[in-house]
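Structure first, then comments.
Naming follows writing order (A, B and C), and every chain is counted from residue 1.
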């Protein structure tokens, strides 16, 4: 039996999540349901995309992902079911598909058209559950929707590279549970533009000349004494492959994380400057 | 294997929920456990009732619902197991059953009497789990309790209708994850009292002359431009069938929801005034 | 199929928990995963230990517990898999094992050595999931690690008993969802040192001469009127067996719990003084 995951902005207090799970079990008594999150900031598609694109690939092929964020049906916000990268997504056509998988072409998209049979002001419960369970039972997408070729494009804001190819200006796309500040600059872009040159990463009045791949590299070789480094600021390519500004072992509830301590918020800019060794006017990195 | 749901005020940080789930799996290795919520405000029976009555019906028949809110055993707070609407509820007899299903008569109620065998200061873990697993294995309620005819009545505060039948005064019963303000005035009552008359719904200094059934109806026919309506206040009969005051696509964490923006809290009053077209002293609705 | 539990400081918003669950299901399609909590304060080992030691025993034998708190691999923070009390724990060797089960000797400990095959900056996802699924399939610990005899000892701060054996000075180790303040003084220690003597328990400027075993004992015989006691402060040996200072039916979100109302925080001291009936300078208990 395929897995069904849930990603919503419902929160975990209201009856919404319970009702949706109950409806799935009423349709499919042996369903396996996994919560990805219900803590999406209300109506926030960028957050939804960040969380989903970093989690969906861990699931087995054929997993069905229900996305309940800003899903009220309207002329401008159709419901779609998408097969992409061997996963299924049941979601509003609000741009989220293009943000989840900008590099992967969906193999099939249908505009869900079972609404005439279902009067609903709670589409995740009444429509998405039906569609997901239909797919879980092996149903073909074209039975519950009309195949379409297009879906709404809403590309996440991309970092900008200057003409001289010595500067990348990115932005903060997510603040995680530890208060770590995650940018849209990928390790891949860093390598392609940087080509091994020295660099300085800057965010507000802070700068970094090293980017780690593990947090405890901030302690260098002092592995047995790394508690001394608690609270140090650092730049890292995180497990998802993005440039992140972090505070070593930070607790955002108490001392604060990078977000609060460095004053970095959603959409603030993070800049990478690369230095050619031949540059005469070279300013020492600090 | 029947489902077992959990609705508690335990929160999700402490060991309570984990311990309860472990105990269920120790009894029933193939149990299916679904969290309805653990975020009930401590000891709040009204909230518990609102959440349960809007979610339990989505679950398959024979689902067993454990309710762990204010469940410490006392002379005044017995433990009961109830069969109602083809579902089972294991809970304290603190009025919650009457609030969940005011219109549905339980088909069986027993006062749980296995406490002499179990010394416990954590009754959900030690008593409710035993009872729920016993029911899940097909056990008869009368084996674990003494059948009783009465249970504690605690009817949710009901809206008041004036003698002239042109006014309903209701109250706020719940604030949801989006900050939406939910009243105890049902669509059914609105139709029975209003009989199609024009009306004005008032909450504090705000008033509404339309009640929508979908949030995006606030945008009228401007479906392709409805982002302009973000932040508009509106009245709606929500998916649960109750009059709700909402802010279109509000984010209660940032801009605020109806609750904070309009200053509406739990138990505040919401009034519906109906207008006879023949009324001479008719004041234009604004 | 054995159960796998998760205890982390990941929070429930980020993609971390979803990714880990997806990875488990990719390895073991019939896995049963139970969240103990993801709300551990970042990097807080004491909290992790309190929550785990009070929940793991409820689970069936052979349950596998993944602990994802401060788990980045370093020379000083190896990864271990432990068989203890018929349960398995997959965790960093950061002292947590000694705090979970100070009185129970592990029957086997291995230092996980599969890291050469796995390059990872997200060890819970990449390493712990592999190890847990390997154990779930019946694999022997020695295949994925080198047996070791030692693990890091980090004993929770223990209460101190004075030489005259008439005083115990303990400390606050946890604040629960209700704002209740939990100390490290066990009922067992109280009985062994107190030997039935009268006592006074003191925390800040509050003192208690009774310690209950159920919260509603604060109402004495007035069971039918115990709403009058809402908000009373009381001392109790909680279900986990520790001395706890509580406010009867407190709501830490509104009126506040014992923690906020009495000004008691993590590591604050709680003192028990025992009184010999023969003492001449006996000060009346108030």
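The definition used in the following text is that contacts are C-beta pairs under 8 Å (C-beta built on N, C-alpha and C of every residue); 3 or more make two chains touch, one makes a residue touch a chain.
As the structure is a computational prediction, the values presented were derived from the model and not from experiment.
A.B. asks: With chains as vertices and touches as edges, which is it: line, ring, star, complete or other?
C.D. replies: complete
A.B. asks: Taking all residue numbers at the chain A to chain B contact, is the shared part over half or under half, that is, same or different?
C.D. replies: different
A.B. asks: Just give me the whole-number Å value for how far the CA centre of chain A lies from that of chain B.
C.D. replies: It comes to 33 Å between the two C-alpha centres.
A.B. asks: What are the residues of chain C that contact at least two other chains?
C.D. replies: If we look for residues of chain C contacting two or more partner chains, we find 12.
A.B. asks: What residues of chain A sit close enough to touch chain C in their complex?
C.D. replies: 3, 5, 7, 12, 32, 34-40, 50-52, 54-60, 63, 176-178, 213-216, 219, 223-224, 226, 236-240, 249-254
A.B. asks: Give the list of chain C residues in touch with chain A in this complex.
C.D. replies: My answer: residues 9-23, 25-26, 29, 33, 41-44, 70, 72-77, 120-122, 125.
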